[in-house]
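Order of writing sets the labels: A, B, C and D. Residues in every chain begin at 1.
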Amino acid sequence: MAQNIFRAVLALAVVASAQAETHRFEPSVYHNTFSFAHAPVLTIKPGDRVITKTIDARGFDAQGREVGRRSNPQTGPFYIEGAEPGDVLVVRIEKIEPNRATGWSSSLVAPYTVDPASLRAQGQFEQTTETWNIDKARGTARIASETILPRGIEVPLRPMLGCVAVAPARKEAIATSTPGEFGGNMDYNGTVAGVTLMLPVSEPGALLFVGDGHAAQGDGEILGNAIETSMDVEFSVELIKSKSIGWPRMETEEYIMTLGSARPLLQALQHATTELKGWLMAEYGFDERGAGMLMGQALEYDVANVVDPHFTVVAKLPKRLLSPQ
Amino acid sequence: MAQNIFRAVLALAVVASAQAETHRFEPSVYHNTFSFAHAPVLTIKPGDRVITKTIDARGFDAQGREVGRRSNPQTGPFYIEGAEPGDVLVVRIEKIEPNRATGWSSSLVAPYTVDPASLRAQGQFEQTTETWNIDKARGTARIASETILPRGIEVPLRPMLGCVAVAPARKEAIATSTPGEFGGNMDYNGTVAGVTLMLPVSEPGALLFVGDGHAAQGDGEILGNAIETSMDVEFSVELIKSKSIGWPRMETEEYIMTLGSARPLLQALQHATTELKGWLMAEYGFDERGAGMLMGQALEYDVANVVDPHFTVVAKLPKRLLSPQ
Amino acid sequence: MAQNIFRAVLALAVVASAQAETHRFEPSVYHNTFSFAHAPVLTIKPGDRVITKTIDARGFDAQGREVGRRSNPQTGPFYIEGAEPGDVLVVRIEKIEPNRATGWSSSLVAPYTVDPASLRAQGQFEQTTETWNIDKARGTARIASETILPRGIEVPLRPMLGCVAVAPARKEAIATSTPGEFGGNMDYNGTVAGVTLMLPVSEPGALLFVGDGHAAQGDGEILGNAIETSMDVEFSVELIKSKSIGWPRMETEEYIMTLGSARPLLQALQHATTELKGWLMAEYGFDERGAGMLMGQALEYDVANVVDPHFTVVAKLPKRLLSPQ
Amino acid sequence: MAQNIFRAVLALAVVASAQAETHRFEPSVYHNTFSFAHAPVLTIKPGDRVITKTIDARGFDAQGREVGRRSNPQTGPFYIEGAEPGDVLVVRIEKIEPNRATGWSSSLVAPYTVDPASLRAQGQFEQTTETWNIDKARGTARIASETILPRGIEVPLRPMLGCVAVAPARKEAIATSTPGEFGGNMDYNGTVAGVTLMLPVSEPGALLFVGDGHAAQGDGEILGNAIETSMDVEFSVELIKSKSIGWPRMETEEYIMTLGSARPLLQALQHATTELKGWLMAEYGFDERGAGMLMGQALEYDVANVVDPHFTVVAKLPKRLLSPQ
């Protein structure tokens, strides 16, 4: 069924993908900025699928070797044939799966996530990096340390990518800690296998980066990181020519979504809301009032991250409400 | 099963409710401030149930008569015997059901919910108040106007109370447009039948107010109102003596939740996060690191409102993760 | 010359003050909310002058007796004859002078004024209340403690009132820690002798409150308090009938100013900027572009407080630029 | 006397400048990012002086020729011999003088500077670019258009540089619209001839950029630009080895200042306040309490800009209060 969604999106794609290929790409270099200036590691066509890997946020791979530098070293960039500024790159995430048995996270919540006055009290605790044991059979991750209370904290696995990005506009080179119009470190726990992400192209070839896998992450990513680990990743790409979007868009079976990133948090929400309203009006037949009234009663927000240089908020609408009769 | 949750909460309640009564209360006066200064309309005991009504945000009742003044005229206050400053009032919402066939909402999104630059373009549209037809059999509300595009916008009913409050601390009288530590106009679409809400008592008798029913409301309440209508409401109360909480707490079958209200939006989120962390540490055996690490990977946020004088954010954790082994 | 400004303002006043009186008022009761509900302590007429006293933010008077309760106990309210909702109350501050030899302040900066991450480090220091010796002859205040480094910290006296307020609209009762459209705890260090303050009247008689004197205060009031002390205060009042203003306005020899209060800080700035632009357009012959272009090149902002429930920002324009030729 | 300040700063400089040179540099290439990747246009030594030019924010030079691209094309970068990551670059601004007879600005205030609700009304006005006539003899700039009301709006000249920057850390390339730890587009109207600016070095040679001259600018730069014009600029540089600062610092005859940049506005203020407190504690003998208490009563804030991707706030303390006895 997931196929169907993607096909629906592809119906919009004007660039056909006659002979789609599957590429196996083993990365050997990783980048710490999203930038037009990095040489492409692989050229792919719309319709192609890529089977590759990402390393963890501090640069450790599936074998625990340090092969990249913190923070959030990226796999890529992939050059998409035919992509030009003013197009939209469509990335379907096919698979995200931890490829080692542990992840790590911080242990104290990050400064901006709690009342400032409560941070003075926190002064007595030292920040530590803690190990999580990943059990794919059970579908959970469990804190390894026996000294953290209560013992045995365990959370469900929900593997996701913190970063999916194209090269930013205006020849900027942005640290991979940061999200923006180009995607980037949005740290949205809804970026899981099965979703389709749309990103505005600013450079020839789009230059697609992926990285920063999390075995699980709560809303807000309030530790400043999540269960950071290396991943096996598969994705395929399509291209929509000459289409202007302001912020990343996402589509699942159930929802259309937009991802706004900024500080303050309200501004991220404003970007996401404005983009979603524009989407309804441009593609679903809503006027200003219709869009407002549906969103007013049916909009959902997710708080993706409140710890990165820009925070990310997701606005979403159930698809079943988009075709009223 | 919903019964069970409430019982679990009641296990904490030190005040027994030997002879619980059910009160039918027909309101005749409505208030536009949350304040210690309003005379109680009814005195009830912990354990008692109240069957009553609320009128809509502009003061119209089930028969469409204007019996209160905008905005958000409240039913109450109810005086809870034995409630004293420093206690926690437990309010279980038993029923919220629209008692007329229409509701209304604005048609344009409110200024703070979209990019400011986009508001200039909005200048050409006039704000209107639009009718929604409520169909309890179908479980939906539908826009009455035929001129709003697309025609036939319909959303699922999910009746909720915008306001549940006790009298604020410090002898403040707060307009019923505003949420705070005392509850108030939190406009959280999760405040539905079946939830249990906990509010910090600041005045003798607590002085409970309810009002501002919505037949449905999206996250953020981005029109500045939702599907505003009059409601049949039932609730029961319990009391937890000598317990200090900083912000409203809520409990359902699945979640424990905290509701922080403030501007900016991040501060509302900080209040909710801090309160939830404190709850984990005080009552569930978590230390600072354990609370941080569980929340980091499993926390969920809801954005209740981004239109009131204070915005409201809800932090929630699935109960099944709270008893690790 | 200061007389002249006041006269200019009075030219606008439609209520004459035929037989202006001077009242000596010795307060015996103090209030901790700004509210319509407090009985007036004195009725005065437009044109009248009042010679009175304020006590410090914790309730101590000129003799060091605790006669009020924290925080910010107010002198008043004064009932102004003829003042009605929709009028503007004009308050000219004639004198603010410390009437005892000491003031006090906190010693650590308040949580919201520095980077949250830096507060953890601050955890090792305990907040203390410190004494400042006020030397009116030298015109300075000096830290009494010999243990604070460096020894001998001394600042110039600049006596001001943290609070000048009328009763708020909508029957709200607002804690005296808080500023708003009604004035209140704006904590602006420019509220010194010689200024003329304009406040929007919401209740019959306006109900004027004054309090929270500071011997000196930096921008932002970043300790959460300033050099708190009791004061001899003199003021006179006038009334402008049927004039609508959105936020407090102030006038000195050199400037017209507006005082916006809100969180976040940007919203306080937006209120002040919007009010000043409206003032230019309504009373000084500016159109939208003229107002924008003058403000763009000549506007000045003061950050009054970043520690109260609402922050306060002041927007100001030099008067000499308001009559171009 | 201005000489003296600079000497005081130089006393800290460990790198001597034996044979200071004066360079006349005529720019022919301009950059739209602050980046390590741009080839230096000139190599200079600590102690050297540079006489050069900047073009206006849309790329027009003294002769009105379009020689660069919007926005904020920069002169530079200048490579400073001996500058290494971890040093501080000291830039003394010797001269900033408009070198043509006109500047331009927008005519409508930017979206984030006023209440969002007021922007709907603004919808009827069209944004225009307006000319200001610069009269160096009179020391003023005057609106050229006769249709803007009132006619003859005139403001005092106060030439400043919107941008002074070094290459950012982490190999980022940041659009010249943006300020940060590296300086950049701070748009502070106090960046005038006579000030000494300190910037943290992140790249070999520091890579100094200057640009975006304003003939005058109000606090906040609320039009989104100011009186934009081309400038004759002179500056000299010094180097302080192995000194860590978090944010740009500035020194004048009267003040020490720090410039924090971020969104939201409060965060910019927090950065500036934290940096100033750290400066007092590291170099002026203050402990945590002494720094807090002096700043609490004597701190001044300037709001530099509220229109750029990051807002900028300046925290300042009068030097005469820094050596108590």
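Assume contacts are C-beta pairs under 8 Å (C-beta built on N, C-alpha and C of every residue); 3 or more make two chains touch, one makes a residue touch a chain.
Not measured: the values here are computed from a predicted model.
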Components of the interchain contact network lacking chain B: one piece
More contacts between chains, A-B or A-D: A-B
Distance from the mean Cα position of chain D to that of chain A, given in whole angstrom: 36
Approximate Å spacing (C-alpha centroids) for the pair chain B, chain D: 48
Intercentroid distance (Cα basis), chain B paired with chain A, Å: 33
For chain B, residues that touch 2 or more chains besides their own: 112, 115-116, 122, 264
Chain A-facing residues of chain C, complex: 111-112, 115-117, 119-124, 264
Chain C residues within the chain D interface of the complex: 105-109, 112-116, 118, 122, 125, 128, 130, 141, 143, 148-156, 216-223, 226-227, 264-266, 269-271, 273-274, 277, 284-290, 292-303, 306, 311, 313, 321, 324-325
Touch list for chain A against partner chain D, complex: 32-33, 35, 37, 170-175, 262-264, 267
